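Input: structures, listed below.
Here chain A shows up in two complexes: once beside chain B, once beside chain C.
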Partner chain A sequence: MNVTPLARRPLSCLKTSLLRQARQQKMFSRSMATEVQAAAAAATSKTPSQGPDQNFYRLVDKKTKSVRSAFALYPPPLAAAGKPLSPPSTTNPVAALHDLQIKKLDPTGARTALFARTREAAKVGDILLVTHRRGGEPFAGVCLSIRRAGIDTAVLLRNHIGKVGVEMWFKIYNRNVAGIEIVKRRLKRARRARLTYMRKPKHDMGSVAEFVSAWRKSRRVFQTKGAKGKAAGQGGQGGKKKK
Partner chain B sequence: MAPRLAPAGAGLTLRLPLRTTSPASLLRTTQFHTSTPQSVKLGWSTLPPRAKPTRFNQVTSGLPAPTAGPAAALKRKAQSTPVRAGVLAIKKGMTAFMGLTGTRIPCTVLQLDRVQTVLNKTRKDHGYWAVQVGFGERDPKNVGAPMLGYYEAKGIAPKEQLAEFKVRDEKGLLPVGVQLMPDWFYIGQRVDVRSNSRGMGFAGGMKRHGFSGQEASHGNSKNHRTIGSAGPSQGSGSRVLPGKKMPGRMGNQRVTVQNLPILLIDNDLGIVVVKGAVAGPKGCVVKIQDACKKPPPPEEHIEKTMRALKERFPNAEEHLQQARERHLELKKARREKRIEEILAGGWEPTREQAEMMERAAAEDGA
Partner chain C sequence: MIQLKSMLNCIDNSGAAIVECAMVIGQKRHASIGDRIVVVVQKQRDAGAAGMAAASGAKVKRGDIRHAVVVRTKQKVTRRDGSCIKFDDNACVLINKSGDPIGSRINGVVGMELRKKKWSRILSMAPSQA
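Let's look at the complex of A and B:
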C-alpha cells in the first residue's frame, strides 16, 4: 500500500519519522504545561490573599457584564483539630450500617458467602435446612426467593408438613438462626428470581423430608469414611427422584 | 379613668360617691389613698395600697398576671417546649437493626450533613426563644442576594436548608456557627421527628378519608368510588357543613412522629438511627428534636454536649464578631458602589482565616 504514494511523493516517508515524532513531543510538552497550570491554580485557591476575588461571590450584570454586587463567601469553620466541616464520609449510610452490622453478626462471612451472587452460593430452587438457636425442629424447604437487603437479607423456604404447604421467611443474619445448610442443589439453574409458581399443584415439590433424610445419611457416611464420590452420587439420586 | 367598682363586701357607704359623681366629690375622696403622693389621683379604690408606688395610676397594677398575651402564652407552652435545639437531617431509608439476642427492630437511617447553628432568636428581639439551624451546602449561584448577605453576616457558607427549633428559655441558645453532630443525642434517647409526608396528589374520598365507596351493582351506575351525598337537604339548611371531608390534595403535610427511641449514633457516618418509621420519601428533610412529652435529657448529657461544642469550636464567637464587622464594611461599600474597588484591591483575610490557611499550608508541606 505504501509503495505507490512513495513513488509519487518521495518525501512522504519523512512524515512518519520526523513530523509525527515532533508532534508527539509537542503533545508531551503541552501536557506538561497543563499540569503546571493546574498546580498553580490549586496553589492560588489555598491562599485567598493573593487573588483579589477569592472568597467573593460576584453578581454580574448580564447586559453590561459589570459587577453589580459581591458578597464574601466564608469557608466552613474549623473544628478544634484543624479539620474543616466536611460532608459525612458516605452518602449511602444505609449500606455502611449494613456492613457494620454484618461484620458484627457474621464475623466469618460464611452467611454472606452462602447467599452471595456467586456460582457456589445457594440459589432459588435449592433445598435449604435452617436450624434454630433455641432448640425446636430444624426447618427444611425449597428456597422460593432470596430477598437481598444487606443485614435484612431473608430467604423464603417452602415445605409440606402433614400435607399442608408451609412457607417461612428466615432472616439469614438473625441470631436466632443457628445454621443454614444446602441439602440439595437444583439440577438446572432456575430461570426465575422468585419461584412462586412452585405453589401451584402442578409444580409443587411436596415434602422435602426424604431429601433431608438422604442428606443426613450421606453426612453420616461422610463422617465415617469421608468419601466424596458418595456425596455426588447422592445428588444424582435426588435428581432422579425429583423428576 | 373610671373608678373601680368596689367588691361586694365593701358596704353601702363606699358606693355613695358613685351616685354623686361630681369633680368636687371625687377630689375629696383622695383621703382613701395613702400612697403615691406624686401622682394625680382622680379616682378612688378599695384595693390594698400598692407595695411599690408607681408613676402612673395603671389599671393593671396590683392585679394578678394576665392569663392571655405573649408572656402568658410562652409560660403556658414552656412545659411542652424542648430545652435544647434539634438538628436537621435527611431520611436515607429504612433497614433493620439486628440485636445480639435475636431481636429485629425496623429502623430509619437519618443523616446529618454539616448541620450548623445560624441564628439565636430571643424573647427580646423576636418574642420567643429559638435556634435557627442550617443543613448541607448550597451553591452560591443558587442563593439570592439577600440571603448571601445574611450568610456573610453570620460568617458561614450558604446552607441548603434552614429551620428553627423553639427552645424553652435562653439556656437553650447555642453559639452561632458551631456544628451539631449526631452525638448531640444519645443512644436510647426519645426524640420527635418531623417531616413532610409523601404527597399523593389529588385523591378521592375513598383513598383520602377511607370512605366505603358505593355498591358494585344493585342499579349503581358509574358511581362506584364517588363520595355520595355531601349532607342533608332542605330543613338542614341545604348547605355543605364546613370541614366536610371531600376529595382533594392528600399527603405532603407535616407529620410528627413522637417519642422515637434512638438506636445508634455515628459521628463519622453522620447518622442517627431511630426505631420505626418516619414520614416522607427517601431524601426528605426531617427535623429531629428532644421529645417534648418526655423529660429532657439528663443534665450531664447536656453539659457534655455543650462542652464538646466549645472544644470543637473554641473561637466561634470571635469568628461571628469578625464576620459581622466585615459584613458592615462590605454592606457600606455595596451601598456606596465601592464594591469593585474592594474586589480589585484584594482581600486581607481575618485572623482566623489566616490561621486556617497557615494550617492548610502546613498540612500540604507535611
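Let's look at the complex of A and C:
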C-alpha cells in the first residue's frame, strides 16, 4: 500500500524527501546562528582593545574558534585617534547660544525684562507701541500672544487701521525695533496665554489709536515746559527702551 | 495667497467693489502683496455709497477684465527682519496694462511690500501704509 503512491508519483516523493532534508538543514543552521551570535558578542566586547585588523568579517571556525560576523566592527572614532572621549556637556548648547546672542543684542537687559515672567513685565492684553528704527509710523496694538523662544522671542500685535484689522509679529531683540512701550495695561490679568478670540467681531477691540493719543498726551504733562515743543516729536521714542 | 477664483476687495475709486482673481501674472505660485493679477469685476460700487460723482465716473463695469495689484492679504507676509504682517482681508487696486492705477485715490491701508516691488504710485496714493 505504501509503495504504490511512491511508484505512481515519484516526483512528489522526491519533493517531500527534499523538503525534509532542507528542514533539517535549516534547524542545523539555526543552531549554528545562535552559536555565532554568542561568539560575535564576545568578540565585540574585546574589539576596541584589539587593532582594526581584527575587524575583518569572520565566521566561526570550529578549529581556530575565530568568529566571522556579518557586520564589520569598528572602534569608536575618537578612541582610535588616541584622544579620550570628553564627557558630554551638561549645559544646553542651544540655550547657551541664545544667551550669547541676547547679551549681544540687548546689553542693557531692558528687552528681556520687558517680556520676562514678572509682575511689571508686559503681558498679553496690554496695548504696546513698537517704534521702528528705520522710519515708518510706530505700530501700536493689543498684544495677542508672546512667543517666547530665546533670541526669536516675538510679540503679536493687533490693531485696526482704517476699518481693516492688521496684525504684526515683532521680534523683540530685532535691532530695527527701536523701542517697545506699554501704552495701556489690561485691567484684569488675561486668563488665556493667547488671545486669539480677540479676532472675532464680538471681542474685537477695534482701533487703539485713542489709547495711544491719550498716552502721548499724558506723557507730555510730565515734561517740563521748556522742553515741551521738542518733546512732542520725541514722544514716541523716549522712555522705556532705546537700543 | 491669491489664486484663481479668489475674491478680493477693490479699495480704489475705479468703481469696482469686489473682484475675482482670474490669473496670477508672471509666476506659477499664488500672488502676495505687490504681485500683479488679472481680475474680473464682480460687483460695482453702488451709487449710494460712493456718491453721484463716482457713479457717473465709474471707470469699470461688472464683468470687465482688468489688471490689478494685490495690496493686502490675509496670509502672513514675512519681512526680511523677521516681522510679519497680516491683514483681515484680501484687497487690490486696479491698474491698466501699463501699470498706472485706474482710480485716482485709495481708501485703506496697504502693505509696505509695494515699495520693494516698485509700486510707488500706489504707495503715494494710499492714506496709510503698514
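The working rule: the second predicted complex is superposed on the first by the 134 of 243 C-alpha atoms of A that agree within 3 Å, B and C clash if a C-alpha of one lies under 4 Å from a C-alpha of the other, contacts with A are read in each partner's own complex, and residues count from 1 in each chain.
Here, a contact is a pair of C-beta atoms (placed from the backbone, for glycine too) under 8 Å apart; a residue touches a chain by one contact, two chains touch by 3 or more.
From a predicted model like this one, the values you see are computed outputs, not experimental measurements.
Asker: Could you tell me if A:169 is touching chain B, chain C, both of them or neither one (first, second, both, neither)?
Answerer: second
Asker: Quick one: is A:90 in contact with chain B, with chain C, with both, or with neither? Answer first, second, both or neither.
Answerer: first
Asker: Touch check for A:161: first (chain B), second (chain C), both, or neither?
Answerer: second
Asker: Just checking: does A:150 make contact with chain B only, chain C only, both, or neither of them? Give me first, second, both or neither.
Answerer: first
Asker: I'd like to know which partner A:196 touches here: chain B for first, chain C for second, both or neither.
Answerer: After superposition on chain A, A:196 lies in contact with neither partner.
Asker: Which touches a greater number of chain A residues, chain B or chain C?
Answerer: More residues of chain A are touched by B.
Asker: Using the touch definition from the top, say if A:213 reaches chain B (first), chain C (second), both or neither.
Answerer: After superposition on chain A, A:213 lies in contact with neither partner.
Asker: Considering each complex separately, which residues of chain A are in contact with chain B in the first and with chain C in the second?
Answerer: After superposing on chain A, chain A residues 152, 171, 174, 176 contact both chain B and chain C.
Asker: In the complex formed with chain A, which residues of chain B make contact?
Answerer: 92-93, 95-102, 104, 109, 111-114, 116, 137, 140-141, 145, 148-149, 151-152, 155-158, 177-179, 264, 266, 268-271, 273, 311-314, 316, 319, 323, 326-327, 330, 334, 339-340, 342-349, 352-357, 359-361, 363-364
Asker: Flag every residue of chain A that touches chain C in the complex, lowest number first.
Answerer: 136-137, 139, 152, 154, 161-171, 174, 176, 199
Asker: Can you check the complex and tell me which residues of chain A touch chain B?
Answerer: Against chain B, chain A makes touches at 46-49, 52-59, 66-67, 69-80, 82, 84-90, 92-94, 96-98, 101, 104-105, 133, 149-152, 171, 173-176.
Asker: Which residues of chain C touch chain A in the complex?
Answerer: Its residues touching chain A are 72, 76, 81-89, 91, 107-109, 112, 127-130.
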